[in-house]
Amino acid sequence: MALFDLPLEQLREYRPDVPEPADFDEFWKSTLAEAGERDLDVRLTPHETDLVTVEVHDLVFAGFGGDPIKAWLVKPKGVEGPLPCVVEYIGYSGGRSFPWAHTTYPAAGWAHLVMDTRGQGYGNWQPGDTGDPYGTTGPTNKGWMTQGLEDPEHYYYRRVFTDAHRAVDVAKSLEGIDPDRIVVAGGSQGGGIAQAVGGLRGDLAGAMIDVPFLTYFRRAVTITDAFPYQEIVEFLSGQRLREDRVFATLDYFDGVNFAARGTVPALYSVGLMDDICPPSTVFAAYNRWQGEKRITVWPWNKHEGGGIHQRGEHLRFLAEAAKGA
Amino acid sequence: MALFDLPLEQLREYRPDVPEPADFDEFWKSTLAEAGERDLDVRLTPHETDLVTVEVHDLVFAGFGGDPIKAWLVKPKGVEGPLPCVVEYIGYSGGRSFPWAHTTYPAAGWAHLVMDTRGQGYGNWQPGDTGDPYGTTGPTNKGWMTQGLEDPEHYYYRRVFTDAHRAVDVAKSLEGIDPDRIVVAGGSQGGGIAQAVGGLRGDLAGAMIDVPFLTYFRRAVTITDAFPYQEIVEFLSGQRLREDRVFATLDYFDGVNFAARGTVPALYSVGLMDDICPPSTVFAAYNRWQGEKRITVWPWNKHEGGGIHQRGEHLRFLAEAAKGA
Amino acid sequence: MALFDLPLEQLREYRPDVPEPADFDEFWKSTLAEAGERDLDVRLTPHETDLVTVEVHDLVFAGFGGDPIKAWLVKPKGVEGPLPCVVEYIGYSGGRSFPWAHTTYPAAGWAHLVMDTRGQGYGNWQPGDTGDPYGTTGPTNKGWMTQGLEDPEHYYYRRVFTDAHRAVDVAKSLEGIDPDRIVVAGGSQGGGIAQAVGGLRGDLAGAMIDVPFLTYFRRAVTITDAFPYQEIVEFLSGQRLREDRVFATLDYFDGVNFAARGTVPALYSVGLMDDICPPSTVFAAYNRWQGEKRITVWPWNKHEGGGIHQRGEHLRFLAEAAKGA
Amino acid sequence: MALFDLPLEQLREYRPDVPEPADFDEFWKSTLAEAGERDLDVRLTPHETDLVTVEVHDLVFAGFGGDPIKAWLVKPKGVEGPLPCVVEYIGYSGGRSFPWAHTTYPAAGWAHLVMDTRGQGYGNWQPGDTGDPYGTTGPTNKGWMTQGLEDPEHYYYRRVFTDAHRAVDVAKSLEGIDPDRIVVAGGSQGGGIAQAVGGLRGDLAGAMIDVPFLTYFRRAVTITDAFPYQEIVEFLSGQRLREDRVFATLDYFDGVNFAARGTVPALYSVGLMDDICPPSTVFAAYNRWQGEKRITVWPWNKHEGGGIHQRGEHLRFLAEAAKGA
Amino acid sequence: MALFDLPLEQLREYRPDVPEPADFDEFWKSTLAEAGERDLDVRLTPHETDLVTVEVHDLVFAGFGGDPIKAWLVKPKGVEGPLPCVVEYIGYSGGRSFPWAHTTYPAAGWAHLVMDTRGQGYGNWQPGDTGDPYGTTGPTNKGWMTQGLEDPEHYYYRRVFTDAHRAVDVAKSLEGIDPDRIVVAGGSQGGGIAQAVGGLRGDLAGAMIDVPFLTYFRRAVTITDAFPYQEIVEFLSGQRLREDRVFATLDYFDGVNFAARGTVPALYSVGLMDDICPPSTVFAAYNRWQGEKRITVWPWNKHEGGGIHQRGEHLRFLAEAAKGA
Amino acid sequence: MALFDLPLEQLREYRPDVPEPADFDEFWKSTLAEAGERDLDVRLTPHETDLVTVEVHDLVFAGFGGDPIKAWLVKPKGVEGPLPCVVEYIGYSGGRSFPWAHTTYPAAGWAHLVMDTRGQGYGNWQPGDTGDPYGTTGPTNKGWMTQGLEDPEHYYYRRVFTDAHRAVDVAKSLEGIDPDRIVVAGGSQGGGIAQAVGGLRGDLAGAMIDVPFLTYFRRAVTITDAFPYQEIVEFLSGQRLREDRVFATLDYFDGVNFAARGTVPALYSVGLMDDICPPSTVFAAYNRWQGEKRITVWPWNKHEGGGIHQRGEHLRFLAEAAKGA
């Protein structure tokens, strides 16, 4: 992928006008308030594995609408608590995978809560186990990008972001977890979700947001042909008259608007050759983040930019966050 | 596409053992009975267009679960009734499109009822307008093939086939339509739906089933990489332990099992180079059809086999059906 | 297809200098005059189909050089005449297809004359039936874009545009057709042909020009890799020294030069993500059209932009044209 | 390309029944006789180049119908004559290229006559300079495979094979060329042409037939998706009712039928992974060749099998042929 | 990927004749003996990370020819030793990655030694850090498959397998590691290496061999076009006369021949749709393995078959191995 | 390939700042001096072919480090000497091919020395026969671009350029060759090598540099995704921290820096649609060349731009060079 987006110097200063609905805060406030009326209903089931230095629980909690959301909770044994905790969200189409996929943060002394993304989870590497018991009132494209797009109230990510927000509440409620040292994390879709949660709450010890998806939709759909953003373009190519409503809905979910509210310490990453989450969309959000922040720029990477190398940055960030708390 | 499936001579005799659930008939009987308890609730709204030789109505009826299903009803003006009627189902991801896309059967003297496929309808050429207000209890792949696959009761196509079955009831109930001359029709997914309805009811004047999808799933997923069958393979590549349940569910929806019950006159088509709906899957069903039947074999065609050339065969079949009734 | 061409605001004002041969008018005047010396030699054969609300004729007329050009004439029955008539031209590699593919305009009360494009017509969906009895004096690429490119007199489209021009004469000559209400129409190559005829004659009730091909060749070959424009690039990559002659020939056939002469009411369409007929080439022509005009801009569409949605615009345009005459 | 065709042991014995028209010999006899009534009309123009050890002429002769066919004649200087001569035909879409591309056979002491393939010649590497002044009476696909396919009399390759046959007459007529030592040669389409000429004449010193195209059409179109054979499949996918006529025509041009008549020494090559000219089609012809023969089997090669390595085999074959005469 | 290889029932019985060099054992005996003359020269450097429940060392040892080979050694803290140890080899083009990528086996109570593959290691996810200070005496293709292919002594994998064999010696020599409980492991190329080491030594507690590469070369190169096997085909397409020598060399490195010598407990995995390491090549080896064995068959998976799901099988196998010792 | 680089007017003036190491001249001076201490050790073996107007020798000489480098020497017979000589370098992955591939320059009266590129040579069309007996000290990507990239001393092209430089010394040393009329030549990688040699020596009669590779690396890796430049991007995507060193090394091998030193007459070619060696990288070097120069601009060509058409330009250039000397 040749460099197809803005040059790095421009990216560093990039602050486009992204439409923000007048009632953006109200929308999320009432969404979360409504959700908050339900009990978290956390069910923790010890899950036997062949792992010995960690303790695994199958965790189910009541997400948006009280729907059961599955997660793994993996905690290091023999580390003195209360433990700091990473709450992680997953990339598009994946799920919480298996407990043995989540041993790195525990090895760093952190509890690790990995939440399923409702309805998703067919992925080879990250199968999930959580349904999304909501249908749609109108036509959709394949995939999740266009589920309920006709209306912010019914848009798929309203449910997902609410689940994600509550997953932090869950973490805070757990015995042996230090509620003051919760860090949200994720890459791609998971990064978009972490960014949303990071923007919505000020009570986190940090947010690790890698190559975030769900950010500056209006630009993304015009500068890349890559999926999943392309699901929106395909939808509009057939549902040609829904354009205004589609973008009016998306504005409530745009990562730029969440980032503009972010006050906790943030660690971002971006790949300058990333055509799935183009760098200008990432910087549009990053440059708005209000809290302490840094961004790792991977000049020669596509979407894998936020991968195993960045994991080293995570550990450093977590070490600071663990201390800082 | 080179010839990748069985040679034609073998296809003509191809009668593989396709598993049939012991309670297949019971399943569908109770499904339809339950649906039948609800009123069809047909709402016909005259729809103004610039067309003058046809009369167009926006038709909404209560499908599975009473959900509103949209359709177009296009009737020729000045043709003496009661009119015979084609009830058409749509290919994967498409919808009912626009009234002006449905003038051919009316030009042949038939009323034309084109039903949306719930939830689908982003397609460029065939946008739809009907949602599917059901979610899932487990993880899914993108697309509709894996929605509710964990269980025949909740599988997506249970709702669709029920809608389709009721669309025939709707047609029969309409003033000016001859209830004894209803023909179901469709290509690809639409062909699979027409085949299911054709197998479930003996009160039709015919079924036109082009390059049907949703037929012999167990073989299809092993001989082609093409979508949408591939959605199932992808799902199983991640949800590796669900294989038995997946196929146990699909057996309730397999076109071969519907075809084995088909008694009305049928017109099939097949493309010998069709990798989306491979010819052996089509013949596996066709060879089981019990009613009067014929199949148009297009040796040099892929999935487009059931296209504009086949439309000529349709008109001939309809002319016979119109007389025959 | 990400947005790869100029932004919409610039497209709306885009008026590039496209070279126009000094003898452009003379070339076409003499071409048509020479053709006009031959009788149209219209042969109308009633064609039996299973359609009942329309009357179908197989129509053959003498095109360029007196060569037999095939067409379908489909007329609504029971609509009081004389009838207005759409003369339609076909997209690249297709042909007149089958009569049952042409029932929409008749359903709107219009006669529909669909002309084969000589030599073309292998297409799955639109088979044709007309040869092109001319060879070439020099080497060519596969396809029609480079047939006779060495010289405007022998260029393939000189014959095609002449056929198309005469098809209007044919329509005007038919009994029961209102010669004052002829509208030319087409998409892609058909749009390019309709644009040429629309520019060459002032006696039409309108021109419906969808995503036109054959327009601003000099730019098209540098901003897209898509076929058929790419046929010219491939040709020049081997016939490297013919560049000047190639473009000198193409200037006589450039849609921009035809559009600059267009005085009848025109309806255009354009897809902003269309890489086959890039939007700047379409606007380069549209912005020059002198007659009353409007353009439907489909922001999320590629070349399918001029498809089934646009058909609704056609019907509205025709309704106006029918009245206006 | 994995091995997709028959295994080598079976290929060595492969002798399928390929339909041969009853009047095959008569067809070619009368075709050549009719052509033979015209003078060869050889025009040799010295062509100045910067080459010093060879002498180059631009050669034009009257091919089928008397049409001017261009060729290069490249002769070694300082080699005592009369010279043996290779008459070479060119691969699909290419032409005679430039004189400096033809110095190898002259370096081996042979004159080299390279004939344009009429109408073709856009290729990057092998531009041509000869038109084909014949059109068609019916629809065609892009490319040359379907030009005049409706009828053996008008099929494109009737003209090409006649040109090629006459090119040998031309070579034999040239001063300084030994008429008893003419070898025809070519790869791919050129191989198909050399095979046809080799089958039609017994007065050659040999035929070098590399990875021949135009051979066993009926099988080729079912076992590979590759072009140019695919042009026929595409054509039939739209012109579905022409199948019988198409193959009836092709039988007159099938390399297997020519090979069955071949009596001169032949050198073949084949690539076992060649999907453009699949090995079974090559062996179907080779196994029928009646003259002395050998075949170089390149097990790991696709269509490039007949390339630069095979050139070494050519030189050995020519050395024998030169002596043998 | 449709099922393109043998059906599962046949795979279970598949025991093809794979050529084995007469001096296979001698070749490896002398290779290892020669290598064994050098000291292992293990250098362990504590490597600081932000991980707290594991201890990380940068490990360098003298591999083939005494060349420095890098590895990570990751050990669980607080687990009573001596520890069992997994020695892992890496997939094609990857390297040892980062310490934080190797926390799963330590979480299961195992030490984990991850060896670089010399010369490789550009991979996004698994960068390495070890060169291969050997050149070639003949031409090569890109990649490692053809490095030194002219001769078993100089073939690249002679060096790699020797490194891998010695890595086990290294593990056994480490303080705190139980020399009787070493398991070798790897997927793809890593699986091929583990299989070679597993076949060469009887002193292991087990071998975990996922979707092994480097196995039944002679068949692999004919049934798949996928890389890296394709590197060999490409090489032979140009170096056409080296075929015999190439395969004579590869026989010394063929996984089937190593498997035939395997006596330790083995856990295999295979994906039935794996076109990179086709299932018949895997079963050809697996069916020869002499020790206790089991294979996980993933019917719906391609090369990812040996991935995260299989990791669960690993943990079970390791738990048994840990006890068994 | 649409025009993706700068427009031609800008290319003609394009003179970017390309970093030049301070010790660039010193680096090459010492490299060549060190190499020069070894004897050329030319071994000429008459090579029998079936060619009669040329004389072929298999030539081996001591290249960098004294390694044996193979070449063909093809000389015209019967041309009065001493002969001028073209020294040709080969494109990426190819080798010296076969003697019969090198008859054109001899036909023009020139001796032709074609040098293998060490280690390369798997290519279908241009097999080679020379190894590269050097390994690496660090990880690499597949291919040659990243071999030894950690350090200018060990970079692969240091060896290749030295070989190439010495090949000229070899040519000059040969009996019957005129040491004052040596022209270096090559396309793509061969063009990059010829450019380097042309920049390093003032004693040539000319340099023919077609579509040169290895030129302006820093830009090339950001404007094209094509290989081989992409090998560097891939490498950096995994070896993310080596960026500075990588480019610091490449600066010693950048064609722009060699061109800036070029004083002999040069003939360049460039394809304006060349995505493998983008036109701006070619002009960046060409515009710096200090000697007499011209460039053939092929506007409609990709990387094949420097092909058979350009060969005609070569012959003209050589004719001048032959005289000029």
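Going in written order, the chains are labelled A, B, C, D, E and F, and every chain counts its residues from 1.
Operating definition for what follows: a contact is a pair of C-beta atoms (placed from the backbone, for glycine too) under 8 Å apart; a residue touches a chain by one contact, two chains touch by 3 or more.
Bear in mind the structure is a predicted one, so any value in this text is a computation, not a measurement.
Shared contact partners of subunit B and subunit C comprise A, D. When the contact pairs of D-E are matched by residue number across D-F, B-E or B-C, over half of them reappear in B-E. Set against one another, A-B and A-C show the most C-beta pairs in contact at A-B. Per-chain Cα centroids separate subunit E from subunit F by 39 Å. With centres set at the average Cα position, the gap from subunit A to subunit D is 63 Å.
In this assembly, the C-alpha centroid of subunit A lies 36 Å from the C-alpha centroid of subunit E. The set of subunit E residues that touch two or more partner chains comprises 124-127, 237, 240, 301, 304, 309.
Those residues of subunit A lying in contact with subunit E across their complex are 49-54, 76, 78-79, 97-98, 100-101, 103-104, 106-109, 124-127, 301, 304, 307-309, 311-312, 315-316, 318-319. Those residues of subunit F lying in contact with subunit E across their complex are 93, 95, 116, 119-144, 146, 234-235, 237-240.
Partner subunit D is touched in their complex by these residues of subunit B: 1-3, 273, 298-302, 304, 309.
Considering their complex, residues 222-225, 233, 236-237, 240, 243 of subunit E touch subunit D.
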